[in-house]
Each structure stands twice: as structure tokens, then as C-alpha cells.
């Protein structure tokens, strides 16, 4: 079972203007080959399909718990995409829609994001092609699945680095900075799991690509709070068995601020979810939504 | 953010034998047009993309909270699929693999489920075709999204009814029975949301298809405990504003056990996740995994 | 613009029993590479995209008119699929659905056809994979498009021949027999168009595959009525310019009953569309639909 | 069976220049999630798969007849796309193709529309992704199919409104204006069908999005001629039974010009199909096509 | 550039009977997630896209040379599929096709393989779903690409082992046996490449899954000839630089027959390609092809 | 079996600057409907699936040999794409990646080509959509397959002409020029094969589109060396039987430099493969790759 908390894992700054091409680029981190839909899909189905759970508890716990974190990554990237596409919104009721107010949209890279989704995020890549199960590996064999996961997190790192290199808006840069730190944790964790099972010190391949996080200004505050040494349980009562892999005297990677790895109860403090002001002229949440707001206000009062 | 609990939303009986064709049929409820990947994908991205959240809080809360429940539905169906495909497993180490031990697999409907996934669940339909974003509706317009959701839950109901009609194994029947009750709740909830916003009593279309849950023996224990009248918050602190829609004096649907609708803190009691014994001859978790089990056992001790 | 007539292009015998695997095979003629969705899609979009229509009127008319016939082919195959999947239906109201009445469906080839579509036809092939635009050729170049069309009709012929070789039910055999005759006409017509434009007697490649229609008992009545020599205009007022290509002294192919080619006003006599009795236990049109029938009956009276 | 008439349902003004990005945006109305391929595909397969047709005649007739209209919508949008991509064409024979005459095409959004299709329309969305069967709902259950259709027409409305907001060319604006009026009719019609079957006044949800057609200048002439109150039979002899649903004393929606709903024999007057002048330098219909035109001219004479 | 030799990399025994379900299972090794289309696609595009080739010559040579071997693997699996589907063929000219000679095909798993391809192999998996670019990883980063390749070969190994476990026909078993030996070589080679670049002895993860080739009777003759210690250059003049990785004193993996690794000039001896007798009743190469054979015979004489 | 030679079939000039939109357009020749993946896929699978090879040797040899040439075409186009995307590269180690060095990439047409592939070629079209098996025709019937191949080469010609018309960079123009000549050879060859089998002089349809190669400056040097009259065997010992079709007194097409057709042993002289300088700031082959280069240099020495 899964629970939900109405916060993001990291606080995202509000964009000052709509920038749909930046939103489109960020889609690669959502539905691209190495995007968060892929990391989620892999770990989620591996955790569902895991055999001999009781005999392999630390490994099962690791995969199952990271799944929960990945759900928050999907949420974070999706919020980033929607915020970049939306900008400050347009709250003019009774706007004149007959004067081609969105003529510029024919020039954006992913016109369908506006036409079909009103600027919302979708599980697709930066070219507008859908995520699908071809990105999911769940062989049932623990070693192969872990090898895949380790490779996947390295691939996700190059994805994030390159998307970051295209971003000028703080909203998108923050998404990349946060995910680069957390992705490093996951790559490290899968490497340690493989090391336990095979005796091969595969974590020495890290960092791949060959660049430390100290090159990324947006990563620094997360490094300083020790995020790179922490696996959150994202659970109240379960998954503590992953301490046998993450912890157990293992240390942060060379190049990152030093310290011991630790499993942390609960979840990161995170940040507020943007209210995302509506764009009435694009019919989101609707054209002239005042009556709708009034109804909602009454229901809100009734709910208390 | 999302948290995880190491339980299923409902307890599933262990299958006595592997039945991969039943597992294949159950895949329709996971990755088919109206499967749980679709309900999850719709509500999850709608909640990410929601505009004017503060002004439409009860509606946002409803969609956001049901998202969390749908994650557990994906988990439930996936566990059902994997359990039906796996059966009691095969724990013989050093099995002879050269005598075509899986010759029967060439006759099953979805051979790739064995060949690529070792019997694991995948986000695909019962014909082996991937789920994808074409099943996601997130227009940004609240009325259209809610109309879609209402229709989707009705469609999901016919899906579940028909899959149920093909199932002889208790594992699969229990999945269908539980989901039929919860799907009715979601259809009812979206209808009430629409009624609030439009004044149209669209819940009177229910039940669709035109058959009450009292015809399904597997639904009875859930009806008796009042599951059909409950929306769980699936959250510790958030989403209580949906009480303005689900609650507020509204009653259970005619044909179901009577009573008032209520938002329930927390989550259902649920059931244990199957350990799913390995099938060593299929290399899940591996061939001759004894050493792997020993390593895990030491790590487990270290984690405590 | 298009008009519709509530008849099929050929009368189909009612199947005595449901035969979903035969229905699945027939899907290849609907959504397979060379199926009717492909022939329709090619000619329809070519006719929409046709350049210099006035200067190339006979060629435009040929493609535009055959498009209308192909719509009827889609209808014919779809009816065949649905009839084979449905059989005589099940009109018992209040059937007990809890005893796995459709357990056999887990063994059929395309389970989703039952689970999602209640036995209805879908634009997919016999493996359950969707038709899509990759099967559409519309280059804007008249010669290339016609070469493609000629090749397509030859490919469609081998499709139909092989599907026919798998069919034991008269419903499916009739579909194949009719389409084999009409497909030959289209192949012949595109060959003649190419001959006019290039001087190459490409119709001498026919028949391909190398077998005459006299080997197919189900074709005989259509040959005897001269269907192989006729292009219907499928229009009241338009497309007569194709007489310059089909007609103009051209003769039937050797191996078929001899005679001159002719453009025929209107459309073939065709046959009745099956009422397709409902299957209430599969919720088609619904479970216990008596009230629905009564409402319809009153509306029917009101409409007269 | 289907017949064809060599006219469009509405007259489209010729574009003064090629505008491939506008053509690309318009593709969303052809092959997008809520595009005309989707509305056609849904109603067409529902009509093919309809059970108990004789007992549900008014409902069958409604779906079957609207199918015919949707074919004309596909034709209208496709013509709009091709006209916008083509502009006035280029009739210079012996043009020099070696000086990169189409260098600008590397900057358009859908380069393949030029490279593969010479500017022709294709069944894909505005991001270049194919339409496919995932957009087709045909459950066999009348209520679910009608609920889907109602939701689909509302979704199609937001599609059309947003595409309209991006259009500056009269060709594309006219397509949107016409389709907005006709789409409203279809949404209204499915709502009335549901009201008859369920007693729920679902038409009160309209208009969704919450904006009347009087805001769209291009809609006015169609409203003035009463198009919003008319369902054309698109048939000579059939489908009059839908008068029980559309008609029967029902009135136009509030906000539109008042009046009674009526089923109209035949079809709208419509407009001429553009000749679409060729672009010889893009090999459409060919490079230096004069000989081809001469051949066609002789065949045309022979056909009379 | 690529050259072709009219031989297979391994000799395949002729099947005694057609076994289309075995052919369908073998498709997983062609177009499945870890099939030969995937290994080919990855190494081929990585070799095309390789940066700084001159500075990384040994690594480029390894990837480029294995690409050539993978082409032969595709050929081998495809021949296996086609041979299993075809069996001894049917050379009766003038067969009666009207008596449903292929009625059994409606029961095979991949009907379209017969209907569209006459039993030929296609780039799809065992469920009939196409291979596509989602299976290709080419990031431009050498470490990530090599990590991917190592994981891919481990995944391919579990694919081959499981397909082998379903095979009773010698044709299919031989395909699996040969590919298991060669796949081990490739996994070993990519591990050594990574060891050189990172210092991590990742080859110690092998064998994965945890089973030695001595359990597979069909592997023994290849092991005895030392195939597991050889990389063929598959080139007359190029790619010898991979000796720096494969060779250089490195030894066979523990569990396999011992010996030094070596790069071998040229290519393996291989075996004859099956003539694959036609099936005239399925129109392959055609119905009544005698005249076709005669023409070919004359051309053959003319070519000498 | 296939061998590889470390050269391209034609020498490509180095681009002076990166031009990702030109690279994107060139992708249409790789993975578009009529791209080289399609020609390769068709001939390769046809050659694998060929029936009665010994009796149809000249035809088998033709298809099998052209397959080998097509592999080189894929290589040529892929190199062109990667070179255009890469330009001269960026060899600055320790570049500052935090200042959005790739901000322009959000404006390119195929952002994912940079984000996921670092500028590498992929088997997709110019809109970013994957190549797949729907582009492969292998019916088992020799006539239909050859008709398809003839049509395919004509379609490929219009593809190449239009891509050429968009290209200003010499790298891309050279790719088009070379492929136009070789594509003409293949179209001609399949026409002659069909003429032999059917007696129809289908080569008279050429050239289609209706434009001679003398209009393309980049074709001239290949015409002058007689490339348009040559089929290379791309084999040391095999496929000479195609001389019965290509040769045998047949002459070059009118409009091309005159002369007899000939089968040439071996392969064209071709050109050097670009070293493609790395782009360290994009992590290709890596960030700060000096150590990697040093390792490679030592291994290179060890290999000699």
C-alpha cells in the first residue's frame, strides 16, 4: 500500500514566465528512456514480482523503499514541467479568445502539450513519444535486475546532467540539482547491493559520467544537509532491513562531502506544492471559473 | 510525496498451482484500456497538473487521494498476476534444465511473460501490448477530467466483471471482488463531484453495467465491512477536504447495503504480501541461490 | 462528404456458434499489414492529399471512389469478426455470473477482444497489435502512390487467401470470397492506371499469387454476376471520370469470366446487417436490458 | 455501405501562403487524442459491433448516422492540413532542385510531413505520433459507450477551442469554427440519448468548456443557418429512427440561438474541394508533370 | 561497410515437422527485449556514434567487431524461426486450398506469422510485438554504454536459458546452445573492457544467471572447440586492436574449459543455410511455381 | 554471416559546425518510412525467409547481396547524422557546465537526440518516432516481395530527393547524392528481376520521381565512375548468380550515362570513417577523458 503527503520532495521556485520549450526538455526526465517513469517502473514492478522475499529481505526492502521515493520524483518532475509550461497563468475572465492568443504555440516543440494537456505533464519524452513497458526490466533474477538498476541510475545521471545544461529557468535547474543528488544515492545503493552479493566493488565505477556534484551549484545545499548519505525509508514501519546494505559502516563516495551512510526514518522535509494559478483563456481549470470556485469554497467549509 | 507500507490492500489466497493463462487474463486489469495503470495514470497526472488548487481544494483532494489508493490497486493486481504465474514455485537446486522442463510454455498465451519476466507482472494488457500515455486524460479542465474519470470507472467495472467471469482460481477472483467494490466507490465519488459542480445527478447512472454487487460472492465481506461507503485518506495529514464531496450527508447507492458515506483516516487493514517462493529452475531469484540467501541472512542480522 | 446505407456489401451467413479464434484470424483482414484499414487509409488520405485534381481527374476519381468501397470492406470484415466472436449470443436475463461462465476465454488467442470489447471488432491485427499510420503511403507523387496501391492489393490478396485457408465457418469464408473478387478488381484498376501513365502493362503480373479465383467456391457467385468486371461509383453524381481508366475497351483478366470492364452507377445490392443478438451475461448491450429495450421501443414509435 | 460526394461539408478559404506549422497544429484535430480519427473510430466500430440492433434502433441509428458525418470531418480537417502545408504550390517545371529550395523545412515542427508526405495530412497528432486503436472504445455496453462518447465530444471541444486559439490563417480558423458547431450537436445528441436511457439530464453539463459559441466569429454563420439544431441523416433511406432522440420536442441549448431540434434528410450544402495546385519541385504530383496532364486530359475526354 | 557470406555461424538440424509455437517462442530471441535485434542495435549504433575513435581504438574495435557477429546471430535465429514454422514444406502443385488446409493456424499463438509472413521470421517478440528503438542505448558516454552492454548480455543469457527450457525440437535447441556460448564471450568481453577503464573486476559477476554451460548438452561441442575463448574479428583487415582487451593474458572464466583468450582472424566455420523447401499451398514462393523455377534455372545458367 | 570493413561506402566531408536540425532531417533517411532501416529490414528478412533457395538462386542472391549493401547505407546515414549533430565537438576538459552551455538545444527539433543520445543517430524518423516492423514486408511470395521492393526503392528516391532539397551542409548533401545513385541501381535491379519472372518491362517506370540524376551535382562523380551500372557482390565467394538478372546484356537506364550493367566483385573503394572528436562537456566520450585515453593508448600498444 501507498500513502500520500501533500508536499514535494524539494521546494521549486516559481517561474516568472511560461517557457514551454524548457518544459518540453524537462519531459525527458519524466518519460525519456532514463526518466523517472523508467526508474519508478523498474523498481515498482521488481518489488511486486520479487521472489523469496523473506530470504532476501534486505534486497527486497531496498528496491521496495526506493520505489516510494521514485513516486515523489515523478511528482517533482511533473510539477516542474507543468510550472514551466504554465508560468504565472492568466486569470482574466471573459478573455477574448478569437484573436489567436496562443499563436506562438505553433512554434513550440511539443504543441500537443498545450492543445491536449493545457500545459500539463505527460508520461512522454522530450520528443512527445510515450513511455512504455519496453523501459521496464523485471527478469526475476536478482543479480540481473540489480545490474540493470545500477546501469539505469548511471544513465539517468547523464540524462539529468544534459537537461541541466539546457536550462536557464531556476525551476528546471532546481529539479535537476535535487535529482542529481538523489540519483547518486540510488546508484550507490544498487552498487553496494551488488557488492554484497558478488564481492565486486562496482561502486568504484562512480561517478559516471566522470564529474563530481561539486560542479553543480544547485546540488550544494542538498550535499550540505547530507542528502547524498541518506536513504529515507519512506515508510513508518517497514524496510529498515536495507540498513544491512546502506549503512553497515559504508561511507560516502570520494568527491562528495564525507560521512557514513545512514537509513533515515520517514522522509525529507520537502517543499510546498505550487498552487499553479489557472489559465482561464486556455480553459484550465475552465473559462470564467468563478462559480466553480464559489462551489468549492462552500464544500471546503462543509468539510471542516 | 508518497510513503509505502509493506502490505496489500486485500489479502490474496495462495494459488495451488501455476495458471499462466489466468495470470494473462488478469493482466487486462493491470495494463488494459481500463486497467489500474490507466486509473492511476489519469488521477496521478491530473493531480500533478491541477490548476488553482487552493480555490478548488475539495476536488483536488479527491483526485490526489484516490491516486494513492490506485497505487495499491496496481500492487494488488500485479501480485495477483505474479502469484498465478508462479504457483508454488520450484525450490529444487541443481535441477536439470536440459530436458525442456518448460515445454508447456510454448502453448501459453503470453510466452514472453515467462521468457522475459519469469512470470512477473508487466504494465501490459492481456494480449501482451504495452500500456502507454494514450490512456491518460489530463486536459486541465476540471469538468472534462471528472467526466472522463466517471466514464473510466464505469469502463473499469465492465473490465473487472468480465475478467471475473473467466476466473476459476480464488487468487484472481479475490482481486476482482475487491476491486469491484473499490471501483464502485470511485465511480460514485466522481459522480458526486460532478453533481456538485454541475447540478446533474449523474450518480443515478450507477450501477453500470446494470448489475449489483450482491451477485458477486467475493464482494460480500467488503460490503459488510462498509467498504463501499468509505473513502480512505491514504494520508496522515492531508486530503480531508474531500469530505465536502464524499460525506456531507450523501448515502450509499441503492442496491448496496445502506448507510452514510464517510471519509476514513488512514488506510484499510489489508493483508500480507505473499513471499512468492522462488523458481530456481527458471533462475528466479537465481539458479542454486543458497549462497545468496546466506548473504542476505547476515545482512538482515546486521540491519537490526 | 460521405453517406451511409444500412446494408453490407455482401450477405453474411449467421454463425451457429461463437468461434473467437476464427474471429481473431479474421482480424488480420481488418487491421493487419494488408488489411482493409490499410487499403482504406491509403486511398482515403491519398484522395484528401491529391494535387492538381482537375488536371488529373480520372486518376483522382479512381482513388476517391475506391475509398468509398473500402469503407464498406471495413464494415464487412468487422461484422464478420463480431458475428464470429458473438455467435448466437446469450439472452438469459439474470444469469449467474459467479460461476466463471467465460472460463474458456483464458484459452482464446485474443482475450482482450472479449474482456475489453465484448467480442467486438477492433482496428488491430490477428496478434492484437493496433493498426497505425505506418501502413499509410501518401507521398503526393502519383506514380509512387499508384505503384504502392498495386503492390498493396497484391499483398492483400495473399492475406485473404491465407485467412481463407484457415476458415471453417461459412461466415468467415464468405467474407474472404467476396473480398477476393473485389480486391482483384482494385489491383486490376491500379494496374490500368499505371499502364496509362507509364505505358507498362503491369496488369500482366496478375493474378498474384499465381492462382485463379475459380479455385475458390465462395467466389463463384460474384464472378457469375460479373463483379470482377465492375467498378461501382459509390456516388450519385461523381467520379464517372474513372471510366477513362476502367472501361475504355479494357477486358476482364484472363482466367476470369470474360467480358468488358464497366463503371456501374450506384452500389452493389448487398445484404442485410445482422441484428447480432445481445449477450446479457457479458453486459452487451447490458445485463438485464429489458427496460432499455422498452425505452427504445417507445422512442422508435415517437420517431415515425 | 458508404457512398461518397465530391464536396466538403464546409467551404474552406484558400491560404495565401504555405504555413506548415499551422498545418502541424491542425493535425491535432485529425489524429490527436480527441481528434476526428478518434470520434470516427469510436462511432464506426460501435456501430459495427452494436448488439440487439432491432431492439435498440434509435440508439443504433444515432451512432451509425453520426459515423457518416465524422468521415466528412476527417476529410475537412485533412483538406485543411494539406492546404495549409501546400499554400499556392509551385508550378514551375524544370525547377533547380540543387540549391536547397526547402532549407526552411528543417525548422518546421513536423519535417516528416514534408519529407514523407509532400505536405499531405496523416492520421497523427501535432507531435507526429500516430493515431491508434487505444483511442477506440467499444465495450458492447450501450451506457458505457454513450458515456464515453459524451465525454469524447466535450474533450474534442477543448481540443478545437485551443487549436483555434493558435490559428491566424482563415483556412484553419474556418475548420475550427465549423467543427465547434457540429461537435456541440454531437455532444448534445449523446447527452439526450443518455437522458432517455437513464433519466439523468446530463446535457446540463454543456457547454463544456464553459464558453458559448457566440464568442467565436467563425461559428456565427453556421449558428444562423441553424446547424446547431440539426442532425443530418447522411443517408437516403436510413437512420430516421434517431428522431426519437434528436427531435421529440427537445430544444437548442441555452446560449445558442433558440429553436427545436430536427433531423434533416440528406446532408449540408457544403463547399467545393480545393484543386490544390501541385508543387512540382517537391515531386507532387511529379516533377515536370505536363505529359501526365496530357494523358489525363485524353482519358477524361474518353470517359464522357 | 559490411560483406556477406552465404553461411550460418552454426549448422542447424532440419526440423522433421512444422512447430509454429516453438517458432513463436524462438522469436523472443530475435525481437524480445534481450533478443539479437537488441544486441545488434545497441552495438551497431554505438559503433556508428562512437566519439574520439582514434584515441579509444581498442574499445571502438571491440564494439564494432561484435556488431558484425551480431548480424550473424540475427540471421541464425531468423533461420531457426523460419525452419520451425515451415517444417518440411508442401510441394504439391495444384493443391486444393478450399478445404481449410490451415485450419489449425487459428490455434497457434502468432497467427499473423502465417497470415502475413508465410511462416517467416520478423523483428518482433514472442507475443507478436515489434522491436523498436526503445531497446537501443547509445549515450555517447563510453562507460555507460559498456555498463549497458554488460547488463544486456547477462539479460540475453537468461532469455536464452528460458527459451531453451521450452524447446523440444533440435533446431531450436541448437540455436540456443550456440548463442549461449557466444553470449558468454560477449559478456566477458564487455566486463574486461570495463575492468580496463575502471579497475573494477566486474567479470567476477559471471556467470549470471548462476549456472555453468556444462549443464547444457548443446553447448559442449562449441566449448570443446574453444569457442568460449575466441573473439572472431569478422573482418579481413580491421579491429585487431581489441586484442588489448580480449587477450593480453586474460583467461577463460572459471567453470568453462580453461585456456587463454584469443582474437581469431576471420570467422567461424559455420554451417550451410537451409534451402527451406517451399509451401506452395501457402503461396511461398508461389502457387504452382514450376515456371518460376524454370526461369530461374535459365538465369542461373546465364550467370555462370 | 557478415563481415565488417572499417570504412564507409562513400567519403563524407566534415561539417564545419554542428547543425542538429539538419541531422534531424537526415534521420528521415535512416528511420523514416522509406529510410535505410526499411530497405535493410525488408531485404534482410526476405533473404532469411527465402523458400526454395536452390531453385530460385539468382533471385535469392540478388536480395541477399543487396542486404549487405544496405547495411553500409545505414552506416553512411548514421555517420552523417552524428557528424551533423556533433560538428567539430568540444575538447575542453573541465568545462563549466553550470552556465546552461546547451540552452539552444531546447529550440532544436529533436531535443532527445542530444539529451539521450549525445547527438548520436537512432533508428527513428525526422519526427523522433521509432522505426518498427510495420515497415517490413516478407510475405514468402517472391512476386509480391519483389513488387514491394521495387515500390520501396521508388519511395526511397522521393525521400532522398526531398531531404536533399532541405540540406545546405555538404555532409548531408553528399549522403543524399551517393544514396540517390545506389537507390537507382536497386530500383533497376528489382525491376529487372520482375521482368524476368513476369515478362513485364516494369523498369520503364523509372526514373520515378520523373527527374534524372544529372540534376544533382553531388551524383555526378558517382555516375562518372559508373556506379549506376554496378552491383557489388559485397561478398568474397557468393551471390554471383545475380549476374543472370543484373548483366546478361542489360543496359543502363536512358538518361544516365550509357553502358552495360555489371556485377562487380568485392565492394566500392569508399572513404574513411570520421574520428568524430568528442564533446567532453556533453560527456561524450566522457567529462575529462584524458585518463581514459591513456588507458586506451596502452592497450593499443599491447594489441600490436
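Note that the chains are named A, B, C, D, E and F in the order they appear, and that numbering of residues resets to 1 at the start of each chain.
Everything that follows uses one rule, which is that a residue touches a chain if its C-beta (ideal position, glycine included) is under 8 Å from a C-beta of that chain, and two chains touch if they have at least 3 such contacts.
Predicted model only: the values in this text are computed from it and were never measured.
Of all chains, F has its CA centroid at the greatest distance from the CA centroid of subunit B. Against reference pair B-D, the listed pairs A-F, A-D or C-F yield one interface repeat, C-F (criterion: more than half of contact pairs the same by residue number).
Counting the residue numbers that touch the partner chain, subunit D and subunit F have less than half of them in common.
With respect to subunit D, maximal separation of chain centres occurs for E (centres as means of Cα atoms). Rounded to a whole number, the gap between the C-alpha centres of subunit B and subunit C is 39 angstrom. Averaging C-alpha coordinates per chain places the centre of subunit E 23 Å away from that of subunit F. For the pair subunit A and subunit E, the distance between C-alpha centroids works out to 38 Å. Work out the mean CA point of subunit A and of subunit C, and you get 48 Å between them. Annotation for subunit E: residues touching 2 or more other chains are 33, 109, 116, 118, 127-130, 132, 134, 139, 141, 143, 158, 209-210, 282-283, 286, 289.
Two chains count as a pair here when they touch; such pairs are A-B, A-D, A-E, A-F, B-C, B-D, B-E, C-D, C-E, C-F, D-F, E-F. Partner subunit C is touched in their complex by these residues of subunit B: 21-22, 24-25, 28, 32-34, 109, 125-129, 158-159, 161-168, 208-211, 215-217. Residue ranges on subunit C touching subunit B, taken from their complex, read 96-98, 100-107, 109-112, 114-116, 118, 127-130, 281-283, 286-289.
Considering their complex, residues 33, 132, 134-135, 137, 139, 141, 143-144, 147-148, 150-151, 154-155, 158, 194, 198-202, 204-205, 208-210 of subunit C touch subunit F. Across the complex, subunit B is touched by residues 1-9, 31, 41, 44-46, 48-59, 64-65, 67-68, 71-72, 74-75, 78-79, 82, 86, 89, 116-124, 130-134, 136, 138-143, 196-197, 234-245, 247-248, 267-268, 270, 273, 275-279, 282-286, 289, 292-293, 295-303 of subunit A.
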